[in-house]
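Below: one structure in structure tokens.
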Amino acid sequence: MRAETILNAALLAMLVAVALWAWTADEPFIITLVTKVAIFAIAGIGLNLALGLGGLVSLGHAAFFGIGGYAMGILASHAQSYTPLMEWPLLVEGTKSMPVIWLVAILAGALTALVIGALSLRTTGVYFIMITLAFGQMFYYFAISWPAYGGEDGLPIYVRNGFPGLNTLDPIQYFALCFAVMCAVLLLVARIAASPFGLALSGARQNPQRVQAVGLVPYRLFLVAFTISGAITALSGALYADLNRFVSPTMFSWQTSGEIMIFVILGGVGRLFGPVAGAALFIALEHVLGGLSEFWHIYLGALLLVVVLFARGGLIGLVAGREVAHD
Amino acid sequence: MKFTTLATAIAIGASAIAAQAENVKVGMITTLSGGGAGLGIDVRDGFMLAVKQAGRDDLEVVIEDDQRKPDVAVQLADKMIQSEKVDVLTGIIWSNLAMAVIPATVAQGKFYLSPNAGPSMLAGKGCDPNYFNVAWQNDNLHEAAGAYANSAGLTNSFILAPNYPAGQDALTGYKRLYEGELAGEIYTKLGQTDYASEIAQIRASGADSIYFFLPGGMGISFLKQYADSGMDIPVVGPAFSFDQGILQAVGEAALGVKNTSQWNKDLDNAANTAFVAAFQEEYDRLPSLYASQGYDTANLLMSAMDKADVSDTQAFRAALKAADFASVRGDFRFGSNNHPIQDIYVREVIKEGDVYTNKIIGTALEDHADAYADQCSM
Amino acid sequence: MSIVLLVEQVLNGLQFGVMLFLMAAGLTLIFGVMGLINLAHGSLYMVGAFAAAATAAATGSFLLALVASLVAAAAAGALVELTVIRRLYDRDHLDQVLATFALILIFSEGTRWVFGSFPLFLEVPDYLSGSVTLPGGIEYPLYRLTMILIGLAVAAGLFALIAHTRIGIRIRAGESDREMIGALGVNIARLYTLIFALGAALAGFAGALIGAIQSVQVGMGEPVLILAFVVIVIGGIGSIKGALVGAILVGLTDTLGGFLLPRLFTLFMDASSAMTMGSALAAMSIYLLMAGVLLFRPTGLFGGP
């Protein structure tokens, strides 16, 4: 516990330190990278709630990530072109306001996760992995073929959306915003994990029968966890879309699902801060290895292999020891 | 990866161009890893060949790999503009990446020279004085194919393309000038590799010709399967599926196919002859369409550098617009929307020794501009 | 729409299906016996195609190319099993997914490093090119017909192998009780390597067969891999029979969906939006099929409880 707490604090401090250093050194790209870490970490924290606490191996979280992205893209593009989203039965206008976009992203993500979860949770194990993958692919192909919002070309938004009191176009301010959201999400998930619901969920993962015996329905616990997980990942999708000022069907691709899962596993499954560490490591690797060779994917692959084979419990498990790992 | 290439002019060039001493820094974002890497590598090699030949020390090129991911491209563009402080961006291959990067780039006052993608949006309503397209507007080669079909007496084409924006644009482009009937029109799945179903439908439709736009591996698959189907109605396509890089993978199936292109290695002009020879000398392979576009992009840029300082936006813009360089495709000038006005040729796939390649058999369209220039208010 | 065209489309769906079966059979065996999810199966398919293309270019013989694909994929499979995969058998699915995802990265970029970024050339041999006329006046490519026959023959061989040979008995025993066959003195490690190599060889073989009419390029394995997963999930993981039925279902759904859906949509909307809508829905159709099957049979058509 102690080692992990210190490590978690150090992680947060490091992110802030890197961002501040980049700010003073006038290296805006580094700030963008750290912002990316914070945003991907949020996606990972979302997945980790389903994966770590609930044991639900979802290979379809790109669906929620993409939904969040498109929530931003669709709302902002309508605001940008001054055309209402729909006029009937009630007038809905687009918006460039981040809080509104986030709310829509969270609701859309939750709703999608509720439907996908309700259907997918009828299966378990590999079947669950594959059916979530299939739902992700459905969204991917739909986004590519649907011409209204750019299809495969995606949807550029020319100016980053606004947040009251902030100049979001300033990299350091946008980083601060994303970092704050990440901390809020961390806090939320920590409280969920410690709540009766979190304990019941954890119990349902380890032994569904026992949970059933005390009168709880594992299916419902899993469904609630999956829904919250989808909502969090959708929020990160909206943030990511704003970071790039662009959304495209790539956000829905199964490689995106794979990457979100990598953040979680690299950091340590079930560890609260695992996705933060995982995302930071992954992006740092991408940045450093990408500078070394045209064939940097080989090194990335080899490194991932080493982590899986020899560093079980991920980065945090490696540093903090395995004693508090969820199993 | 990052190759910072200081075009080292070995002392001689240094004093000769001292009058225009201001350095220009170019950021090249292109696809160098993964499935579409061949195109990016060709653009890069063509561009760097021109830079090397010029041997000037006031031009610095930073190259990064976008992995064909739009989000990565956007982040690289931010990095190049914010951290590397480049003056000019170039290199993007794919329209969806171009749409993600170019509007924000020119909005920040930087120049963008497109060596490949030319989405209609950026030629029409979204045009910008700082954005120059050195390749073509996306519809151009398809329009030329439609015009060629008319002149070749084809009156009942079956047309197909993947179901994504560039595919929809391609078929629209073909239909814009094509005057005959359509035997059928199919949108296939993006990334589809089996075309048995489509070929059966073409066979049943009674078409007299096929026009297809299936970039990359999709086109290879289609041509092989078509050749194997025993059908022999003529096939027409844009140059992308018959390019030097992939033609060897299609093999005999491509022989005799007509395709439209604004460039070919047998174009008879001094710049092109020199380019083809130098490219083979440098890289030990035949140059492709993409390499020619990269080469022209670099030469356009350097022609502007000779006339104006990049910091003087107005002057540099005018210098680019003048397009005062020897293009490997012969005559080249910019239209009002900064897109090329150029001849588009019809090529036929032939075999030279062991190597499959193209030869020009005619001109499909002369001094062709694009259909969106009117929508551009600039 | 004529009957001939429809029959031809059904044949196309069947051909696509049997090729998917070659991929799915290995996947489902590996999962059934070793409990391993292998995302890198598509890479072995790619290895087979590249080995075939390189051999065909060097020797000019298509048969040798097919042999090379079997050998190369089996060797790559055995190598990967010995170095990486066998450390994953007692891990959870999560670790397996990540490790084999890492293998994809290594295989793809490694292949690009060796063979370059451009697609390779592999063609249908002269004696299999052209088309034949089937009863009813259907003209159908000879090569595709051959692929259907080869696929069905491999399926029959595989069923015979599992039902009637000693190794088949061990495979079946391994599926139901791993400790037991170990106790019976079977060298489990060797059995696993063998099964993995067999699955890899089938995938490589499929890669070579398909490579002749498609593009031999880096990344060619991933789309097929996802389809193969859809197949085994529909069929029930671990079941060879399920893989066959699932493969043919997916093949037919994909081919006929792409063919019929746009036509169906023209009945109630204008041609061009029917085309886009129909194609969009067709692209999603197999995933809808899979979701549908799992809703009613959460462990697939032939999967155990």
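A, B and C label the chains in the order they appear, each numbered from 1.
The rule we apply is simple: contacts are C-beta pairs under 8 Å (C-beta built on N, C-alpha and C of every residue); 3 or more make two chains touch, one makes a residue touch a chain.
These figures come from a predicted structure and were not determined experimentally.
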item	value
Longest centre-to-centre distance from chain C, chain (CA-based)	B
A-C compared against A-B, more contacting pairs	A-C
Inter-chain centre distance, chain A versus chain B - centres from mean C-alpha coordinates, in Å	36
Between chain C and chain A, distance of the C-alpha-averaged centres to the nearest whole Å	32
Shared-contact residues (touching 2 or more other chains) in chain A	141, 144-145, 147, 295-297
Residues of chain B touching at least two other chains	33, 163, 168, 189
Multi-partner residues of chain C (at least 2 other chains)	108-109, 112, 276, 279-280, 283
In the complex with chain B, residue positions of chain A that touch it	27-30, 32-33, 36, 141, 144-145, 147, 150-154, 156, 158, 171, 240, 244-246, 248, 250-251, 290-297
Chain C partner contacts - residues on chain B that touch it in the complex	33-35, 37-38, 41, 163, 168, 185-189, 191, 193-194, 196-197, 200-201, 203-204, 216-218, 220-221, 224-225, 227-230, 245-246, 248-253
Chain C residues within the chain A interface of the complex	31, 37, 84, 87-88, 91, 93-95, 97-99, 101-106, 108-110, 112-113, 226, 229-230, 233, 237, 276, 279-280, 283-284, 287-288, 290-291, 294-295, 298-300, 303
Footprint of chain C on chain A - complex, ascending	51, 57, 59, 119-120, 122-127, 129-131, 133-135, 137-138, 141-142, 144-147, 254, 258, 261-262, 265, 269, 295-298, 300-305, 307-309, 312
Touch list for chain B against partner chain A, complex	1-2, 32-33, 65, 69-71, 74-75, 78-79, 82-83, 95-96, 99-100, 103-104, 107, 119, 163-166, 168, 189-190
